[in-house]
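Pasting the structures in now, so scroll down.
In what follows, chain A forms one complex with chain B and a second complex with chain C.
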Partner chain A sequence: MTERTIKSMLPGTFYRRPDPQSDPYVSEGDEVKPGDVVGLVEIMKSFHEILSDAEGRVARFLVENEALVDAGQDIIALEPT
Partner chain B sequence: MQRVLIANRGEIALRAIRACRELGLDSVAVYSTADQEALHVRSADEAVCIGPPHARESYLNVAAILQAARQCGADAVYPGYGFLAENPVFAAACRDEGLVFVGPGTAAIEAMGDKAEARRVAMSAGVPTVPGTEGKTSLEEALEVAADIGYPVMVKAAAGGGGRGIRVARDEGDLADLVFQAAREADAAFGDGSLYLEKLLVDARHVEIQVLGDSHGNLVHLFERECSLQRRRQKLLEETPSPALDDGTRTAMAGAAIRLARTAGYENAGTVEFLLDRDGGFYFIEMNTRIQVEHPVTELVTGVDLVKEQLRVARGEPLSVTQDGIVMTGAAVEVRINAEDPARSFLPSPGQITVLELPGGPGVRVDTAAYAGYHVPPFYDSLIAKLICSGRDRDEALARTRRALGEFRIEGIHTTIPFHLELLASEAVQTGDYHVEFLEQSHAGSGRMPG
Partner chain C sequence: MRTASVVESGIQTTVQDYPGRRGMLAQGFFPAGPMDHFAHRAANLLVGNPDSAATLEITLGAFRLTLDGDAAVAVCGAEAPLAIDGEEAAIWESHEVPAGSEIALGIAPGPGFRLYLAVDGGFDVPPLFGSRATYTMGALGGFEGRPLHSGDGLPLGEPGANGAGRRLRAAARPAYSREWEIRAMRGPQAAPDFLTEADMETLFSRKWPVDRNSNRTGVRLESHRFEWARRSGGIAGGHPSNILDNSYPPGAININGDLPVILGPDGPTAGGFVVAATVVHADLWKIGQLRPVGDTVRFREISIDEAIEAERALVETLSESSVEER
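Our next item is the complex of A and B:
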């Protein structure tokens, strides 16, 4: 059974929620499909959505909320549904 | 005043360090851990680390900056633009600490920072404002006023600013829906649902007046800057003189800016922003209580060093210039070179600059803190260099800007240089016939500039 990952295309600060008052975009156990928003990256004072490029279930987060991420870094591990 | 802490980074920190050095003042840089290799850190007489990369833990951290000032024995603070530059709490905290804050009085920063209050001060100074409600409004009053001034209108959050909390209503039905929605959103975003109404001026230009005041009652203007070429309310190219101002309108606009500044009890450098309509009517929109990014175009046509004037005024000296002595000679253009990829909808492009070759020759100035090998961090503003070119007239300034952009070489990251070359070739820039919506309209869809 191979695990897939969702990556951040941009470097910056990773956020799990659209704003501090809202619920996380996705949590462990949630099913996602291609195009779903799974997180946000803040870079140079602007915010960019991280979209899932695959179908699957969120197995775990590979980075903490508000952590610094590099371009191409794995954010979420997916397992097959 | 002998030792100035510069509470900023990047090109504006370097600009302030240079002004301090010319005046014989010591400069102290502050920096986050992401900026250890930054040029402003090496250029200042002393440098103090104030915290981690995130601005709220470093460049926005009032306690850390005040601690740095104590530690290095600074007696003044230069705020620059952005970060804490227009924060009245920071200005007051510096002054309570016994430090000279290089900027206007705390009350003036506060009054101009509140949009509705600034509008009220402008009205009381006899400065024309955009037609709309006098202050905060109800739905009934909004409908009445909108019927009177005509649609489209903008519904703005009183506690908003910087382009946030603005909705456009095209007709009565629109407005009725919008008022409820906008009030709810403003309440959620700012904790204050109050709204005011302004007429949406179509095809207007953004023209601003530079003012300078001292503590001896002297207040002068340094003419205008034309800043209509914006994308998402971010300026990309500025020039002076404005291609759209005749002498009569220029004099009237400058007079209005001086009246507003005098009414607000203004000291130090400030900028009064207006919208200019096609009929030559102009309307106050806001006042910025700090140095502007685009200040060099004014310096190139007047010969006045605005940052040195700020420092002189802060140490209690009178302005070194009088109104009669300020003459505009020639023209100047600034283009902002950002670490963004214009081919991919201006996506931020941080990373290492591997090659950097700067343009030179007659009429060329580059304000930058970048160097070959420098890593542009992802945490801050994307501005990496300002290219400012002057000439005897607008055509010469534009030709020099094009020529200098061609000499500019930045490799390793994407920049807005290709965008500027295309923009300068457009008919709109060549004729000077453009307005604030120009870039949004021409860039919609195609991503290409019209002929």
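Our next item is the complex of A and C:
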């Protein structure tokens, strides 16, 4: 089956954690469901949450922490749970 | 009275009018108003409004609105999927929207970053100091001085003649790009007093990447170590970009240390950094369409005569002669 991905709907800088002292929202192997926060995108001096729109297990991250992403870019690959 | 209700607000949607809150620099108000004045004015033209009617400035998209009365609506700006009650509709055109309809905008994939939604009669929020524009830095004007949230209800003005079924001719629509050319005039603080001629050549030849933290306050470019004509700012400060505080023009290319910033409609009225060049008004709309990730800007130097001619051409483009019936 085709792998599902979670996309960023916004362009900006991608962060895996809410702040530098906190744990990542999700890591490889974690299960996510629709509506779970999986990262942040910083744009125009404000932060926006990336929400999962699917259920699955995080197979891998397709972008590095603090990488620049564009609108619609794949962020996380999910595998079926 | 008709009301528009916000269903989905997008990342930043504000009420804006043109030319914004003018004549208030001495009181500390930059003009606010649409960051892309061309698309704002075109949307108003299509629905039969004057330039001064308030529109919604929608950043990137992901925006939905319902109307409780019949209206003519036009969206202009960055290409994005537009649907009226689920039916696909074109931007740069005005549409008849029956009472109860939902207007839905998807995400603009680029090029371009902002969209302007005009309704016949305009968004009738209370004017503040003569303008309905939202000044985000001062948190005033527009709708309660802030970007819209879902659930907000906006009063609409009295509609004039029905403006549905009109579109801007293809030749009148501006070309969008990921690599922008923006015309500018040098100064007020340029070579040889503040920067070197080589610096001015760099400013007018480099492809400047647009930084992610650009917004209505200013468009940040990429840091660059200029040569500078002076070793320091003297009594104004240690860095040669420092000058004694003076007022800034909208569209100023402000060199803040090593960082060039184009001042937007909600920018600071005054400050202590040199303004090496200033974007001409006929091209100022482009700063509203720069995407903060991946776009580049090249500045092209023009004279004041060319700037006046460019402005005359823009006013002519934004006229009834550019509108055709659908």
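Note that in this section the second predicted complex is superposed on the first by the 81 of 81 C-alpha atoms of A that agree within 3 Å, B and C clash if a C-alpha of one lies under 4 Å from a C-alpha of the other, contacts with A are read in each partner's own complex, and residues count from 1 in each chain.
Methods note: a residue touches a chain if its C-beta (ideal position, glycine included) is under 8 Å from a C-beta of that chain, and two chains touch if they have at least 3 such contacts.
Predicted model only: the values in this text are computed from it and were never measured.
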{"item": "Comparison of chain B and chain C by chain A residues contacted", "value": "C"}
{"item": "A:72 touches, of chain B and chain C: first, second, both or neither?", "value": "second"}
{"item": "Chain B versus chain C as contact partner of A:24, first or second or both or neither", "value": "neither"}
{"item": "Contacts of A:45 with chain B and chain C, given as first, second, both or neither", "value": "both"}
{"item": "Partner chain in contact with A:10 - chain B first, chain C second, else both or neither", "value": "both"}
{"item": "Shared contact residues on chain A - chain B and chain C", "value": "10-13, 43-46, 48, 68"}
{"item": "Of all residues in chain A, those that touch chain C in their complex", "value": "9-13, 42-46, 48, 68-72"}
{"item": "Complex contacts: residues of chain B adjacent to chain A", "value": "53-54, 339-340, 347-348, 350, 378-382"}
{"item": "Residue numbers on chain A that touch chain B, as the complex places them", "value": "10-13, 43-46, 48, 68"}
{"item": "Chain C residues touching chain A - in the complex, by the definition given at the top", "value": "11-12, 59-60, 62, 107-110, 212-215, 291-294"}
